[in-house]
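These are the structures in question, set out in turn.
One chain, chain A, links the two complexes that follow: it is found with chain B in the first and with chain C in the second.
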Partner chain A sequence: MDQLFIIKFLIPLLWAIGFVMAPKQNEKAIKLFALIGSFVVLAYSIKMYADLPDPGQLTELFKFDMPLFFNLTYTFAMDGLSGLLLILNAFLLVMVVIATWEIKTDKLRLYYFLIFSLIWAVNGSLLATSIYGFYIFWEAMLIPLFILVGVFGGENRRYASFKFFLMTAGGSILMLAAMCYMSAMAYKLNGSYDLNYEVIKSLNLRYSGFWSPQSLVFWAFSIAFFLKVPVFPFHSWLPDAHVEAPTAGSILLAGILLKLGIYGFLRFVIPVYPQAVDAYRDIILYLGAIGIIYGALTAWVQKDIKKLVAFSSISHMGFIIMGVFSQNPFAVKGAIFQMVAHGISTPGLFIGVHYLYTRTHTKKMEMYGGLAKVMPRFAVLFFLITAGSMAVPMTCGFVGEFMVIAGTYEINKVVAILAATGIMLSPIYLLKMYHLTALGELHHEENKSLSDISVLEAAPMIVLSVLTILLGLYPKLVTGMFEGTINFFTHSGL
Partner chain B sequence: MENLTFVENILIFIALNAAALLSLNIKKVGKQIAYGLSLIAAVTFFCMLYQRDVFTLSELFTLDGNKVLLLKLVSLLNVLMILINGWTSLEKVRSTMLISYMFMGGVFLLGANELITFYVAMETIALVGYALVATSDLENSREAAVKYLIQGSVVSVIFLLGAAFYLGATGGLSLVGATVANQELYAIALGIFILTACFKLGAFPFHAWIADVYSNVTLGNLAVNFFISKIIIGFKFITLLQVLLLECDPHFKDILIRIVQVIAVMSAFYGNIIGIVQGQFKRIIAYSSVAHTGYMLMMICMNPDELLEKQLISYLVIYSMTATGVILILNQFAQLNENKDSSDILKSGFYRNKGLAIILSVCVLSLGGIPLTSGFAMKYMMFTNFFKEGFNIETTSIFISSVIGLAYYIRFVSDLFTENEEKMKLPTIKTRFSESLVHAIILLSIFTFGIAPSLFLGLK
Partner chain C sequence: MYENYLALIPFFPLLAFLLNSLLVKNKLNNVKAGLITFLGLFTSFILVILTSMHVMENGPVHVKLWDWMNYKNIVFDIHFVMDQLSVVLCLMVTGIGSAIAFFSIGYMDHEEKVGKFFAFFALFAFSMLLLVLGENFLVLFMGWEGVGLSSYLLIGFWYEHKKNGDAAKKAFLANRVGDFGVVLGMIGYALVFNTLSFRDLQHPDMAVIMANKELLIGSSLLLVLGVTGKSAQIPLFIWLPDAMMGPTPVSALMHAATMVTAGIFLLCRVSNIIVHFSVVLDVIAWIGALTSLLAALIAVTQTDIKKILAYSTVSQLGYMVMACGLGAFSTGLFHVFTHAFFKALLFLCAASVIYGCHHEQNIFKMGGLKNKMPVTFWTFVVGLLAIAGIPGFSGFFSKDEILSMAFTNPGNGIFLYSVGLLSALLTAFYMTRMLCLVFIVKPSHDVHDSHHHHIGEDNGHDAHEIHESPSVMTIPLIILALCSFGAGYVGMPHLLGGHHNSRLFQTFVEKFTAIPTGHHHLSEETEITMMIVTTILILCSMGLAWYIYVKNDHARMRDSLKAKFLGLWMVSNSKFKVDELYETVIIKPLYQVGHFLVDIVETHVVNGVVKLVTKGVNGGGAFLDETKPEKLEMGILYIIIGLTILVTAVFNAFIFS
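So, the complex of A and B:
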């Protein structure tokens, strides 16, 4: 057990509290404090991963009994997958701080407080291996994001934050219902409400059709995770949330929060309810494939660039859910890789959109056009990231999607073929986006005076572009981090 | 005080409140004296409860075990409510005294061991309830009070009919150790008692009074309704029906339990769905209360158990305290708005008083069942119990209904953080010391119960 775990774990929260106490007037100091904090979080996340004795196994980091909370035990543990996502989370925090460095708000302390609290809650979800711990952090994530969107978002932020909170919290209530049910079963069996992996396994929930306990618990968890991912048809909150969220919210939402739904499936559903997973695999595979096509087609017709990126997320997340549920090791590996790839490319697109918006004050693509002439640096970097998102070979997007489709093909050919059409559709809408933005003539007079992105602004896009290419050429850099865990997520890992 | 009997303490309580009532006629300082006397009476009674663990008057009245525990909590809340009510206006002092009488009714209801004491105590609470509505001095207060009185009277008569059936079935009116001679009559009696409980607690379809009463009563009086009516009447009815159902024929018992479950689920759905479409926040609270009554009623279906009683107490107290917190803060926000009942009084609340907005958000999120708040712990405890009893479909249905309920809770929070220029121009909301004290207690209770529920009331 890591004796310093609690300190490391609490760093983002302590940093968040630090913002509350920071002097209001000194904006620069607050931003610097945020930057240092983001690097500290990244450093300890990498260190925690590096300290793992075997990334293929769950290593217990900290365990504490909660005799005052229904006598439950909270366990924090980490393996290659959670470590990888932990690093992605911290990395995105750095990106957020740098990309929104020029943010103008009189509530700067609240802004950073919410971001660091959100990062902390995500870390908590990733490290918790008892369902209660996971649930608590899962819910804790909602509040900072709800306020972030509600306070710092666009014109319709109230509606968007409301819808986001309601739908995701609604799903969580179903998860809570399943937890209560399992707790009741555990209490009958062991005289304790505790729900760690061993206890869940010992419950041996019966599967004998839709109305059997395992099936119902499976669906309760699945709907909560479907809403988070989001999987078609549970996606309606995402475009609104993305469009209205401030850039930081969009980056974190697309970069890490959506992945938490997938992580939930990998950690708490697939290894725990194998029969239900087998029984409903095809349904979920089809939902994934529909999501890919629906997201792509809907993205195609968007005029708002942020909405286009939001729908592209739905399409990309379809690949991930498909890969995970195909239960083919190659596809699962591809799906996890795709989580990282999407966590690089989509935040990159959102950062690009942020730079466009801060200069033109519009998200309508028809108002852009020909920007490569006045913003060449931006145009090059934005293209590289767009290429990653459209899964161009030798970019990270290609590796993940290819692995998912190839792996799924062995399980369900129809679904794999349907998903492959998504790969064909993504260049259509993403190239359309790029074309309308950067290429062509500079029609709008006001755009002629736009300034290119500064070195500071370019920094996150450069890092993301480099990663897009690097992971496309050498995916093992990421796959090697979680390879040993695949067995756990494809078979009954318990 | 240690040497005083329970009866003497009760008499002192009544005498002090009677003196308070009389002193209202004194010019200039009358309301201060009345307020002081009521406060002394409440504090004295609260202290008396710590003298012994059991208070027995006769076979008709016993306060012991969890009942004393509950009374201590309610008594403390009573003192706090009097403190927060203050002596600034005659209306508030008057309602303080009415609260005291309602509290007295609650004490007798809690200890009642037979149906006549039960009935008289219940009517005392109801009569004060009618008076609190009627004296609220809002536009439709009297109309609401009359409606409430008429419906309440009908239910009282029905309850008496139930008592008659009970007499016929058991040969007596005692609620303890009765032998059932006629199961049919007994089942009818229990059915009528369930109906009365549903009316008193505002469960669907006996909730018709609740929205009118809630929207035509001052917020202070509404808060009182929560901590006395909900807690004491809720606890007494639920525990009583649990015990009485034990003696019931299994066939009838099954039917009665099924009826309770249907009412519980319907209440949860009805309250949550109708709550969403309400324009006035008082009506939102009213329908939220209908939904919570649904959750609560499910407890009737469980076998009596001391631990379960403690869990019920914790649920009732925490729910009532949190709801009271919401009401009190809403009251503060409402005072500076033209339309005090409008649901937009909270808009931009965060920019007018950050502390209040955060406390209100915490209270509302707790009612919605967000983890680390008492609402989550209580919901988790209660629903796990229901699952343990095998009420899977009913519990899942209630869970689904609570998803709907989240919508109006979140609306409160969403309003608070909305930037509305007109509302932001309104003056900053000031908080009195007594109000801050109550807020602090409510906040503390939300987090302590949320983080360490097992610390209290034997929850394990």
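So, the complex of A and C:
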């Protein structure tokens, strides 16, 4: 057990509180404070991962008893997977702070407060292994993002933020109900309502058809996670939220928050409800495959660039959910890799969109065109990131998709073939986006005087592009981090 | 030592790419940018020669760089090999690549963004070397898509014009359809053989093949889909003619000599497996034969010099694919080898002509260049004789062997032979037509259907300014012309080469590929007769073109012919409307589906459920909101009753049962 854990864990929250107390006038200092904070969070995340004795095992970091409150315990533990996502989360925080450095708002302190508390809540749900702890942080994530979208968002932000909040919270209620039931079962078994990780794994709910407890609890959890990922057809909040969210919100939403749904499946569903996973695997595989095609086709006809990227997310998340549920070790590994790859390419695209929007004040792609002429630096970096999203080999996007398709092919050929059509479909919408944006004639008079991105603005895109290529060439850099945990996420039923 | 050479071969083009792309800001001058890429390629060329000498004597050289991923006992590693197949392709890529890079220094002299051009050029060479040196499917596929990507970048080099961008996108998408096949095919192979290494796939276990027949046939057909994408065969050939939007030297290297032959290379790599499935071979052979004929038919009526060459490339690729389908993989690769020289030569001649004529590409607006551009003219003649298959020139040897392989193939060989012969005749015809119109006849100015495919100066065509290209361009032409003449002698038929000097190339390659089996034996007399008859027919076809375009007033002759065969002419000129067909049958409906999903499914179904729930909640709220207190009480009562029933039911069902 790590004595300093609680301090390390609270750093983002402390930093967030720091913004509340910061003097309002000095914008530069606030921004600098945020930048330092983001690097501190990144450093301790890496340190925490490095300190793990064995990334393949779940290592308990901290335990917190509440004897007066139904004898519940809150456990924090970490393994390679949560460590990886912890680092991704902190890394995206750095990206967000740098990419939105030039942000103009009179609520700067609120802005950073929300971002840091969001990061903290994500860290909390990644580390909590008792299900009540997970649930608390899971719900806590909603609040900062809700306010972030609601305050800093676009024109239709109220609608979007409410929709996002209510839909994901609605899913969580199902999860809560299932948790109550599980608590009751735990009480029968152990005489305690506590639901720490060992307890949930030992519950062994009865499975016999759809109306049996394991199946119902499985679906309650699944629907909550489906809504978060989001899996087709539970995605209706995502395009709205992305379009209205400020860039910071979009980056964190696509980069890490969606992955929390997948993380939930890996941690709290797959090892816990083996028979239900087996029984409903095919349905979910098909949902994933349909999501890939649906997301691609709907992305293709969009006129709003941010909406296009949002729908492309649905398509990419289809691969991940498919990989996870194929229960083939290779595909699961690929799905986890794809979480990272998507966490690099989609934030990169959103950063690009951010630069376009701050310059042209529109997200309609027809208002761009030929920008490579005036913004060559942007055009090159944006292309590299688009290529990553398009899953060109030698970029990170390819690794995950290839592994998922290959792994799934062994389990269910039809689904794998459906998913592979994503290879044909992804360039259709991504190249459409790139061509409408950067290529062609520079026909809008007002675009002729646009300035290229500055070195500071280019920095996050450069980092993301380099990672795109590096991970494409040497994927073991990431897979090595969580390789040992794969056995926990593929149950022995196969 | 050779391991290090091998690892360095793709490295130098990569270095050239990085130098050119990172120094772009510092405004390298055009010649320096070109020299970087040329030197990168040329250094690799020397290394290839050194390594290949070693390979010819001692067998393949391997170098394993790092593990990419592993799955069960399948290792996906970054692993290069120089074996009999890679030797051939490597020599072509780096050798012809260097010549074309050198040529480009002259050709791109007056352009802007030359650094970018040479960066992409080097990126292409790097990817192509990955493709041919890859020891397993994974590295091959990295190169496979890498060449697709660099081809996309180069086709869209003048991206300001939407047409160029569209052509680039089309090329990438068509290739991606093929890649869909390659990915699935490769996964299928991996699962059956538990390996992706070509060394293991060269000697597959027959028992495994027989046990997984259906899966392997399916996977092989998916790979064939990939081949049709990269090598521009039916049904995916449509991208190649449009790819001519890129700078012409690039068309010479990628869209004629090397990249498009990757499909044939892939077939050779898996030849030892697909050779066991006659259905797959038949599909390949027919795809090749029909593509060859279709493209030749289209080429006959085109007016753009690069489009003609593009369709000619499609047609020749069809030949190579047909050879593979006949089980004669080594012969197919031999045609890849000879074709690389003469097609690169023809394209560079076209580039020289276009350069000399200030970016005019319509052959009807050219004419009489014979005296103004003598080097270009004579080298073009060599290229023409080679592609037409005149004895003594390289194309003759490879084409003749493919035709005789078709002729002796059991089953439907005779049909394939007829189709092949017909497209050979058409090839001789349209190439002679091009020669006549560009170099020999006087220019005519009454043609209105001009095609300005190239961007830039629209400063019409002025006969006085036409000049021979500088020697930086003519030297590569002469080198390629010599090769186009001589390259065939490494693969002479038994009849001409005797036992010691015949089929040297093929025998070398057959150390890796499958060996043709089951063909009838041809007597020497038949073989000679066939050669002579074919040659006479080809000469007649060339004579016919000469008669129509030189002996007569070609404009009038053309009109009268056009009037006579208007239907045929229209079909050929409109390229069989394949583009339009795909547009209406696939792309538009798919786009409509997208619209349907967004307008109907997304709004009314996916969001509809959400709205319905919202409405229900609103309705319930409105009901409770009514001011009458008894109604509120009733509401609360309903909720309590409902909850009680629910909780009791749940507990009864699960806990106390």
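Here is the rule we use: the second predicted complex is superposed on the first by the 490 of 494 C-alpha atoms of A that agree within 3 Å, B and C clash if a C-alpha of one lies under 4 Å from a C-alpha of the other, contacts with A are read in each partner's own complex, and residues count from 1 in each chain.
By our rule, contacts are C-beta pairs under 8 Å (C-beta built on N, C-alpha and C of every residue); 3 or more make two chains touch, one makes a residue touch a chain.
Here the structure is a predicted model, which means the values were calculated and not measured.
Undergrad: After lining up the shared chain so the two structures overlap, which partner does A:Glu139 touch, if you call chain B first and chain C second: first, second, both or neither?
TA: In the superposition, A:Glu139 touches chain B alone.
Undergrad: What's your read, chain B or chain C touching more residues of chain A?
TA: Touching more residues of chain A than the other partner does is C.
Undergrad: Tell me the contact category for A:Ala184 with respect to chain B and chain C: first, second, both or neither.
TA: both
Undergrad: Which partner does A:Met367 contact after superposing on A: first (chain B), second (chain C), both, neither?
TA: So A:Met367 meets neither chain B nor chain C here.
Undergrad: Could you tell me if A:Leu227 is touching chain B, chain C, both of them or neither one (first, second, both, neither)?
TA: Neither chain B nor chain C is touched by A:Leu227.
Undergrad: May I ask you to decide whether A:Val478 touches chain B, chain C, both, or neither, giving the answer as first, second, both or neither?
TA: Neither partner.
Undergrad: Does the superposition put A:Arg158 against chain B (first), chain C (second), both, or neither?
TA: The first partner, chain B, only.
Undergrad: With the two structures laid over each other on chain A, which partner does A:Val415 touch: chain B (first), chain C (second), both, or neither?
TA: neither
Undergrad: What is the contact status of A:Pro393 with respect to chain B (first) and chain C (second): first, second, both, or neither?
TA: The second partner, chain C, only.
Undergrad: With the two complexes superposed on chain A, say which partner A:Ile147 touches: chain B (first), chain C (second), both, or neither.
TA: After superposing on A, A:Ile147 lies in contact with chain B but is clear of chain C.
Undergrad: Indicate the residue numbers of chain A shared between its chain B interface and its chain C interface, in ascending order.
TA: 170, 181, 184-185, 188
Undergrad: Enumerate the contact residues on chain C facing chain A in the complex.
TA: 66-69, 71-72, 78, 141-142, 144-146, 149, 156, 159-162, 165-166, 169, 172-173, 176-177, 179-180, 183-184, 187-188, 190-191, 590-591, 593-595, 597-598, 602, 605-607, 609-610, 613, 650, 653-655
Undergrad: Would you tell me which residues of chain A are touching chain B in their complex?
TA: 67-71, 135-136, 139-140, 143, 146-147, 150-151, 158, 161-162, 165-166, 169-170, 173-174, 176-177, 179-181, 183-185, 187-188, 193, 216
Undergrad: Quick one: in the complex, what on chain B touches chain A?
TA: Chain B reaches chain A through residues 365, 368-372, 377, 379-381, 383-388, 392, 395-396, 399-400, 402-403, 406-407, 410-411, 413-414, 417-419, 451-455, 459-460.
Undergrad: Residues of chain A touching chain C in their complex?
TA: Touching chain C: residues 163, 167, 170, 181, 184-185, 188, 211, 213, 233, 235-237, 294, 297-298, 300-302, 329-330, 370, 372-373, 387, 392-394, 398-399, 402-403, 405-407, 409-410, 416-417, 420-421, 423-424, 427-428, 431-432, 435, 438-442, 473-476, 479 of chain A.
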